[in-house]
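Each remark here refers to the structure printed beneath this line.
Residue numbering begins at 1 within each chain, and the chains themselves are lettered A, B and C in the order written.
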Amino acid sequence: MEPAGMAGAVPSTLPDPVRQALLAPLVDHHCHGVRGGALSRAAYERLIAGAGAPPAPGTTHFDTPAGTAVRRWCAPVLGLEPHAPPAVYLARRAELGAEEVNRRLLRAAGVVAFLVDADGADTPDQTLSAAEMGRLGGAAADEILRLETVEEEVAREDPAAAAYARLLEERLAARAGGAVALKSAVPGRRGLAVDPARPARAAVVAAAGRRLAAPKEPLDDPVLLRHLLWTAAAVAREHGLPLQIHTGYGAPGDRGRDSGYGGRDPALAAGLAEALHPAGVPLVLLNCHPYHRHAAHLTAVFPHVYLDLAPPGPAAGPACPVGELLDLVPYHKMLFGSHGRGLAETCHLGALHFRRALARALAARLERGEWDAAGAARVARMIGSDNARRVYRL
Amino acid sequence: MEPAGMAGAVPSTLPDPVRQALLAPLVDHHCHGVRGGALSRAAYERLIAGAGAPPAPGTTHFDTPAGTAVRRWCAPVLGLEPHAPPAVYLARRAELGAEEVNRRLLRAAGVVAFLVDADGADTPDQTLSAAEMGRLGGAAADEILRLETVEEEVAREDPAAAAYARLLEERLAARAGGAVALKSAVPGRRGLAVDPARPARAAVVAAAGRRLAAPKEPLDDPVLLRHLLWTAAAVAREHGLPLQIHTGYGAPGDRGRDSGYGGRDPALAAGLAEALHPAGVPLVLLNCHPYHRHAAHLTAVFPHVYLDLAPPGPAAGPACPVGELLDLVPYHKMLFGSHGRGLAETCHLGALHFRRALARALAARLERGEWDAAGAARVARMIGSDNARRVYRL
Amino acid sequence: MEPAGMAGAVPSTLPDPVRQALLAPLVDHHCHGVRGGALSRAAYERLIAGAGAPPAPGTTHFDTPAGTAVRRWCAPVLGLEPHAPPAVYLARRAELGAEEVNRRLLRAAGVVAFLVDADGADTPDQTLSAAEMGRLGGAAADEILRLETVEEEVAREDPAAAAYARLLEERLAARAGGAVALKSAVPGRRGLAVDPARPARAAVVAAAGRRLAAPKEPLDDPVLLRHLLWTAAAVAREHGLPLQIHTGYGAPGDRGRDSGYGGRDPALAAGLAEALHPAGVPLVLLNCHPYHRHAAHLTAVFPHVYLDLAPPGPAAGPACPVGELLDLVPYHKMLFGSHGRGLAETCHLGALHFRRALARALAARLERGEWDAAGAARVARMIGSDNARRVYRL
């Protein structure tokens, strides 16, 4: 039997330096907390599917690419045979307990640092913090600051409309000190063709007045959204932080409904990229699926735009696009991220699918004589961790 | 030489249960009638190309992926060598006669049930009915009811504007009893970003007044289109039928002109999917090409949305996307369909390309140790027939 | 070691006729002039990346798919080992001198005719003309006439607004005699959903009045753009020339910003295709990436629409989409083009990647028994040169 975990994910036929580079610890630049307690089968199934819909009548979320991967790759980490049936897997999970399951799966992921977006969990009190993720995973853990969370805090404090902008800036600046990146999910939902011009102060005050009339609603005003991004860009510049934005499909619970057409295409962020360019703030396009070839174009024409190698959304299996992108994207522009969320399995599988896909892509290029081993090893380390260390200044 | 027909399409190196599952009879949930009589070479060529344009000057539609596939895979079913030249193939076709050719190709497709959209044929009188398709193919045959056809019938009866809605509903309800699904091609042409709200009665009456002034035109009014979909959803719910809608490119004679930009992207149907969700009516996204990864997202986040594994449009060869979708889509959400139309070859090749693509995808996953044979066999049966039996209540 | 240049690009295991067809001289229907003089490392790096942005801080454009390919495939043409380090490669380049480097790389590309768009070079005086490209490459060389260049000349002559249209037509007609095609890059930047109707004469005169007030600006008026396309179509028809238009991403220096969303999708040109159809003018969709499957649809439904097999934009490596398109596009509708520009390496690699991708795609089809060798050889010749000879009447 192949060794469990990552060692089995990388063929022993690869040249040693390439194999070592593929097995080297990763920086996971895009993950969320996982659940810390026991889970019912129904709760577990919803989390496999990215906290999306319940399974269709008469079916199970184990009958998905994600379910197949859990049974194949995570079962051995818990001491089971590959392809263990769902009931056996869940029984073993319960037997070991959440803490031990999380410890095993996170450690076996071979991650040296988790960059954790702690916001947006459905059940914050049952979700591990960044620090807990690090402790269980035997890794460093840093926080990513979600802009919307800070904005909502500010709105709920009910400042005067004229004070909103100043308070927001102060709060972002105060929080940014503890973070390795700023992040926004709003443009990905409202549409990425954001007017890249900085809104005028009067317009911001007027919009803040409307906003503060309903402070418990999520931020949805286009003027305030632009204002938030501009404020964040200034803070990011000051603190030397990159700005991450969600693009494409695949955020949990995201039904693709609320934005205008094509609003998810990362190529629409060209205007935003151009506006941010003078500030020198790195712009990281998260997710991108199924538009990763569109995102690739931006990484090639803008020096400050980066791209996330994320698995493509809920229910996905080993569909990491790294092989295709190796022919399109500058190597220093790709960043590994697991998009792990809710289940330690998703963090583990993100790392596993990435290594397997990259191993396969590199093996093919070596076999065809297109690359040499030294180049392959170097690029594997760039994408797996070196790029993230540089961009996030770890 | 490999055996002709489906047995040769599935490698003998696959484990027996997987091979058997791949060769098991299929339910073809999306096909049209084929022509029953003799065909000139010009007529045959236009049908290979999906009833589209004549070949470019100095060329032939046999120089297409579809033409190559006919010569390679259909020639042996007619008793010729693979790769028979076009003239030899057409001579043999004439020699055997249309009935025998249709019988051979449809039977060798290994289909247990054809779900036939009998509308939309260019030459209805020369096109086989669902019952004739079943008789020649040795299979069951069920009908899919095209909403636009019923609407046009109603419009031509010239009712009072105020009676239009009631008459439409009655007619749809009466016809639905004989069908296994309702289907609409209109949103795919007018753009899928249909306003998902049910139109008000007064607006429907006003629009019906305009509509009834030109009852011979095809339906193109956005209010009446929405009204048709809402009426159909109510009828579908009552009768337990799914609703099929055309998306993407590839309908015959469709030049991609009449809708606004991006109107073909099935992700645009998110609003429609959300509106139909409470009714519990399954929504089947037909065609999807080249947006199948966008459609995949909807199948993952909505419990009632399904996806068609159709060959990508006119002139296409063995480009079934099933391999890619196995990593993205819940297994119970994919449905085999041939998109056969006009020529029995297209029904045959749809089944053949599907089986070959799925065989290749499963073989790769088994070889890489990602799947086990039992899982592969089960998923092959789900996609090939079990899902269709459940969704269409066959 | 494999033989340098093209012979090593085509596996010796392919049947002889297929191998010979793949190694037969190509017609490169889409390239630009390359630089004739010495280049600094910074200038060289910018040209590798399609004259785009400088490399991100701390990185080099050699760490791209394009850089890997130069070191792997061009180094042996200059007498170095494959995978030569960048500094070694650039030193050898300087040692040989630009003329010898250009001669070696262009000749080794195995091209029988370059169709050169001589406009749009950043540094026209340092860029080889079509005739010089031909002389160095041992090939014929023909010119492609850029519509915008002619229009700008006319505007700068400051005619009366009422004379603009006549002067433009005369100038286009005069220049068309020396060209093998007309070409426009404007719709690709302004958005391809051009209103396909011919603008009225009064509207053209009015727009020309505005245009002539700022004759040094590039053309950006939608009425004059349509007028330019219609005038060009008439001239093209008169002279039997095709019309090329830019679509998709990847033009040098193109940040994807200035057009509306989705403006790059070649499927948007359906209206333009339909309007041009009666004139019988072939419409060649250049570039297309990442929308080549959308472009494929138009080639299948319109007899006069053709598709360019271009590498996908700046920084790209061996990502020629020919394999995928062999299953979607009529074989007489695909045209090889290198998109070479600035560096002879880009012309060489365009030809190499095309041959390697096509060789791999054909080998797979032969191995799976889907094609026969005679068909594979014939299609390789069609795409590599025969189609271009027919379309451009060479």
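Some points to look at:
One rule holds in what follows: contacts are C-beta pairs under 8 Å (C-beta built on N, C-alpha and C of every residue); 3 or more make two chains touch, one makes a residue touch a chain.
Predicted model, so just to flag it, every value in this text is computed and none were measured.
The pairing of chain A with chain B is characterised as different-residue: of all residue numbers used at this interface, under half are used by both copies. With rounding to the nearest 5, the Cα superposition of chain B on chain C corresponds to a rotation angle of 120 degrees. Measuring from the averaged C-alpha position of chain A to that of chain B gives a distance of 36 Å.
Looking at chain B, one finds that residues 261-262 touch two or more other chains.
For chain A in complex with chain B, the touching residues are 2, 49-50, 52-59, 61, 63-65, 68-69, 72, 82-83, 249-250, 253-257, 261-262, 264, 289-290, 312-319.
The touching residues of chain C, when paired with chain B in their complex, are 193, 262, 265, 267-268, 270-271, 273-274, 293-294, 296-298, 300-304, 324, 326-333, 369-372, 374-375, 379, 382, 390.
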